[in-house]
Amino acid sequence: MSLLELENVTLKFGGVTAVNNLSMSVEEGEVFALVGPNGAGKSTVFNMISRFYRPFRGSIRFDGKDLLKQKPNQVSSQGIARTFQNIELFERATVLQNLLVGRHRHRKTMLLEEMLFIGRARAQERENRLAVEEVIDFLDLQAYRDQHIAGLPYGVRKVVELARALATKPRLLLLDEPASGLSVEETQDMRWWIEDIRRQMGITVLMVEHDMGLVGKVCDRVLALADGAELAQGTPAQVQAHPAVIEAYLGTSAISKTANAQGERV
Amino acid sequence: MEFLQLLLSGLANGCVYGLVALGFVLIYKATEAVNFAQGDFMMLGAFVMVGLVNPQFLGLNFWLAVPLALLVMGVFGYLLDLAVLRFMFGQSQIAVVILTISLGFVIRFVAGLIWGHEPLNLHSPLAFGDLRLGDVVISFADISVIVVTVLMTLFLWQFFQRTKLGLAMQAASQNQMAAYYMGIPVKRVQGAVWALAGVVACVAGILYASKGTLDISAGFIGIKAFAAAVIGGFGSLPGALMGGLIVGVIEPFASRYLPAGYSQIAPYALLIIVLVFRPNGLFSQVRIKKV
Amino acid sequence: QTRGVTDDEIRIGGVHDLSGVFAAVSTPAVSGANLYFDMVNENGGVHGRMINYMTEDHGYQLPRATQAYNKLIERDQVFAMLLNLGTPHNLAHYPLMERRGVPNVAPLTAARAILPDPPLMNFSSFSSYYDQIAQGIEYLHNENGRDTVCAMYLPTDFGEEIAISSRETAEALGLTFADETTHRPDDQDFVGSVSRLRAAECDIVTIALGVRASITVVGTAKQLGWDDVDFLVSSAGFLEPVAMVPGGVTDGLYGASGWQDLRARATEEAPAAFIAAYEERYGQPASGFAMLGYTAAQQMVMALEAAGPDLTVESFMDGMHSLDYDDALLGTHVNFTPEDHQGANDVFISQVGDGHWNTLATISGE
Amino acid sequence: MSALLEVRNLETFYGPIMAIRGVSLEVHKGQVVTVLGANGAGKTTLLKTISGIMDPEKGQIVFEGEEIQGREPHQIVRRGVVQVPEGREVFPLLTVEENLSLGAYTRSDRAEIARDRDLVYSYFPILKDRRQQEAGTLSGGQQQMLAIGRGLMLRPKIMLLDEPSLGLSPLLTQEIFEILKRLNVDEGVTMMLVEQNAAVALDLADTGYVMELGRIVMADTAEKLSASEDIQSFYLGHANEGARGERRWKKRKTWR
Amino acid sequence: MRFHFKTHYDQDIRLFPDWWNFSLYAALLVVLIVLPMVIDSFYLGEVTNVLIWAVAGLGLMLLTGQTGQVSLGHSAFMALGCYTCVNLMETGMPFLLAFVLAGIITGVIGAVIAIPALKLHGVYLTIATLALAILADDIIVILDHWTGGVNGYFAPEIWIFGIEVNRWINPAAWYYLALGTALVVTLLYRNLLRSPLGRAFAAVRDSEISAQAMGVDVARTKTIAFGLSCAFAGLGGALMGLFAGAFNNETFNFLIAIQLLMMIIIGGLGFIHGAFLGAIVIAFLPQLLSISTDFLGSSSIPGLETGVFGMILIAFILFEPMGLYGRWLKIRTWLELFPFARRDMFRRQKTYLKTERLR
């Protein structure tokens, strides 16, 4: 059984069919990429998994359970965490507070305990802190711990968002364009992180990414979408070589921040 | 017959709410600020008119005074923006809310100082004369309120829909920075909309004062106008008129048919009911953010 | 040493609504009182003491009233209170005034509740809303043959008192109490309620609304062509602006009040003098509430005079109890005794005509 | 030859934080200048300061021989300095078409505007299909296209592009840079380009600056920069996967 | 400049980051405790009043400052708290119990009312709650069996452990009652802020979408916030009514709700300190104005004080839209950096708004 399964999923916005009868499955432990031209419906797939949108047709199962029966806020307690394409952080809070919100799904205390801050509440706070500090160390965010999000550059925000998703200790991590806006060096960091997330933490990753260099390096399988439907599926090399993908998405000289990206792995 | 009578006067009254609500929506649409002093603007506009027209003050001719009063209130709105609101540029909307509430205090104080605290009547040619159609009576003031309000709404609606400036105002409210990137003089545009709000308030004030007696607490009508604007979907101009009419019409029927003690709560109860079923009003302006 | 009294000053407090819905009442009243006090002070004060009338604004809000009373009584240590506006605001602070021994003179409200039993240190200047309306209805019944009573009121203590009076009077006189409508202070339109009362075939409608609303109600009835009805306001609606509405909108409106209208008697000596003095000082026409403020100040000064140079609360109370005079300005007879703290008991019935309130009848209270 | 845009000793603060620490640079007419730098270097801040969105604390910005620092942004835009902001910043509740027509706010030549709009639609046909869609519901990349198209509608003399390829597909990135090149060559639009995709940026650019922590640390022609070892390793990822190769520690940059 | 060298996570979790900070607040507490011995009963009454407003303000702060929901209806909940407390006392319940229960009941009712209100955002919620505040006035009249209608209630005697708390007999006792309530509410508030729920509040405020994605039940969080906020407001309302000595339908007029909102914004939205600073401005400034205008002859211009009050509020907002506490934070930074702070360091950089119509 796959960890995440989408079956014949369709979603329309007015006249626009954003996702068209799409089926895909993500296996436990792999890094899976969704690629495709702008407006292909990649983010929409994420939004359906997050339950922000309900598909018109089709089913979405996570770990065998029907995700469509969950409310948006219950998705995270299933073990799914995500980042956003356009960065959605809690702007008026510090990095630390943002990450601690990520721990929300592990909350064990009741209202009264928290208001009186007795017993479990304090212990839980320490525990949360510990978990969050691990993520901070992992992503090298120590320097930003007490800074407010509003004052961070774009690149750091991207990392904080990743950190917040990791703080939930998910089984499946959805990354919407993790490397966009990052420099070469940062993209490389991102690559290592994604690999470590998979290897060390055992988290399955589903990501959307336009940087084919990164995709080529970290992903096991790639699904190319166009107009909401599957265009091609396979290893990165297979997909990158697929004529329809080149035609609709990659163009003649696929661009990556790392110039020789194509050479590798292909 | 009675039904028609209630409906007509409800409509006329609703138009006054609609006019004040229009002022709210105007400012909201162009700046996303909520002007809690719009009702007091209206009161001020009415008193400016009284000051120009009534014999114990300047005693000008009514029709001469109308453009003058509109001008005064327009300038007032613009200067207010220039002298006060511009310093709040980019600050949170709630700060603007507090600012306009405080402004209301000041306006009431100043109006009391100038025109006194006792009720006054505008010497308006609209105030006299009724039109009788069988048993149904409608005063000239009511007719002019309805006509002017409908025209005003249409005009403003088209203004926002069609003109470059109207579009620029909407843009400025949605993203001030991007509006600047387009070369829109955001602050000046906002000044223009405050001036416009002053003018609309003055129109409302003149009509309000023609319909009845005026005192410095007339601005409290703003609360019902709020209800109207929200029912209409804060940010929609036709919605504001619609909301105004709904509130205006519900009132006479409620006081006609509901028992004492309950009738006066009808507009507010209605507001709450509408919001329960349509949380963003009839013509919703709120969207779910796409991520 | 008496609180608020020094060798050359007497401090008197007044808690008012100078910025809220009843600013139209308080503002002229304060001006009127100050006019009189200034006159007294110019002439050397009362037994050599200047009167310092200190007013506070509560904007018709109770928490602010609490602060205002606290300031006047605890900080400024006023000797007495004069012209405090608002029924709930007055009543809420009776315990404080009582505990600190502060006489409360001529509060600006005609609610029955303002005079407790026994009246203690509270003095009211004129007949209550209750009595006014009761007399008004009786008058309309007797003179105009009206017999179906209705009420339009704000659900406040003032409105309820008038509604209750309307109901009880109707019952006592064997009339029908047909219907009632309630309103909010910001109500704009009365077509609905007027239609309702018309359908109920009312012929006396008592009005306990704000001034602006009262005018609109009468105008609306006229506009709808409802003419076989008498509208009756209490002293709260008994103001010049009501009579002066252009176009004769309010012509025919009845008022039942605890004093006579100022303008109607503008030719008489005392009113004329007052009107002139007031206009000279403030540049605005004198109003009924200005007159009330003025006469209340006068009453206060008379009691202080009567209390003698050795001013204490006791001597002041004696002074108040000794008052028995005709108030030329109000056109009432004022008389206090230790048992009766309601100075004037008369009710005057007036009607609007030609832009004035014309007194039709004087009904002297018991 | 005097520069079209000249920045001298610019300093900009966010409250107590100094984000631009004395930057000077020149952009000549018809040139494409690129600014490279890691995140947080202050590139966005620099562009915002030039376009008047932020006020500098010190220094001058000279455009066509006139000092423009500290002016209201709309005045600067009207002179022809147009920024395509980072993170799209479209007007979310207005339609695509309205967004584009706002790009022409400063212009009044109707025919020309219509022509430019068609031009933008021809660059980005998807926008034409979505003319009536609210911009806020466009996909990330579609919004980016709209932001660029809207910038073009302003007919800039100099375009400040803040990561124009952000979120665009490889094909579109390629197309965008072709469009930029055409604009530069055919219409003579001067450009200042901030781009994480250094390879394409340097390919298009005539000269380049490298920013670090609010300072310019390197300035040279594009070719020379492309050839520089540091640039190759840190910004181009050349030489076997950049400076690090498969190593996971970072090499120190040598220009400091 | 002080540095915090952190050696343990508890240092972040504790109420006070360090000894210096702790001693500061301890000193403040001592001052507050001995205050009745220092000032006269007039000022003590005013301080009590400020504390009462602050309690209610903390309630609204929790909702508006922490959760981002702007309510103009809190006067209704203050009324609810007050009438509940008095009705419970009428049954013979001891004051303290009735008081606490009143808070809880108000909170529960507030939470129930919040359920339909949850779907509302921004100005819609604000106006809907304003309508609620206006309706409260009429509902109090309709429910005259419990509320005494327009005639209202005279506050019953308050006895706490055999001590009569009467503001005219022993103002100090009233003061300690208000102070105690304020302290307890502040402590509860602080505890919330360092707990998951408090962070969930902030998450809901800043981005509902990503709060959801992090597993925060937005609807529930808002309900709880509304309930808690109402509970605190109810406590404040009970104190306010009892302190006034008598109250009726007009006591908790919507203007009170408006003042409450002004208070927390002038004080500094989102800060506990802000509620107290704001209470000082809103509750004490008018008094200060009237004391100062006594020297001018207060009745020379009617309504002057309110007019000036409005102007001062405008000045406050213009001077510091972030509120007094926001200003204090800047001053503190300046002091900490001294002498290295530049004068223009705190000049506001241009800021720009984006639409709030997207949720």
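Per-chain residue numbering starts at 1, and chain names A, B, C, D and E are given in the order in which the chains are listed.
In the analysis below, a contact is a pair of C-beta atoms (placed from the backbone, for glycine too) under 8 Å apart; a residue touches a chain by one contact, two chains touch by 3 or more.
Remember, predicted model here, so these are calculated numbers, not experimental data.
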| item | value |
| --- | --- |
| Partner chains shared by subunit B and subunit C (touch criterion as defined above) | E |
| Contact-graph distance - origin subunit A, target subunit D | 1 |
| B-D against A-E, pair bridged by the larger set of C-beta contacts | A-E |
| Most distant chain from subunit B by Cα centroid | A |
| Computed distance of Cα centres, subunit E from subunit C, in Å | 37 |
| Inter-centroid spacing, subunit D versus subunit C (mean Cα positions, whole Å) | 73 |
| Centre-to-centre distance between subunit E and subunit D (centres being mean Cα positions), rounded to whole Å | 47 |
| Subunit A, residues touching no fewer than two other chains | 43, 52, 84-86, 88 |
| Numbers and ranges of subunit B residues touching at least 2 other chains | 105, 108-109, 112, 117, 174-175, 177, 180, 223, 261-262, 264, 285, 287-289, 291 |
| Where subunit E touches two or more other chains, by residue | 134, 138, 141, 209-210, 302-303, 306-307, 350, 352, 355, 357-358 |
| Pairwise chain contacts under the document criterion | A-B, A-D, A-E, B-C, B-D, B-E, C-E, D-E |
| Touch list for subunit B against partner subunit D, complex | 164, 167-168, 170-171, 174-175, 177-187, 285, 287, 289-290 |
| Subunit C-touching residues of subunit B, taken from the complex the two chains share | 2, 5-6, 9-10, 12-13, 16, 105, 108-109, 112, 116-121, 123, 127-128, 130, 137, 139, 211-218, 220-221, 223-224, 248, 251-257, 260-264 |
| Residues of subunit E touching subunit C in the complex | 40-43, 45-46, 49, 134, 137-138, 141, 149-152, 154, 168-169, 240, 243-251, 253, 255-256, 283, 286-287, 290-291, 294, 298-299, 302-303, 305-307 |
| Contacting residues of subunit D [partner subunit E, same complex] | 13-16, 53-55, 57, 92-93, 136 |
| Interface residues, subunit E side, partner subunit B - complex | 64, 70, 116, 119-124, 126-128, 130-132, 134-135, 138-139, 141-142, 209-210, 254, 258, 261-262, 265-266, 269, 301-304, 306-307, 309-311, 313-314, 317-318, 321, 350-359 |
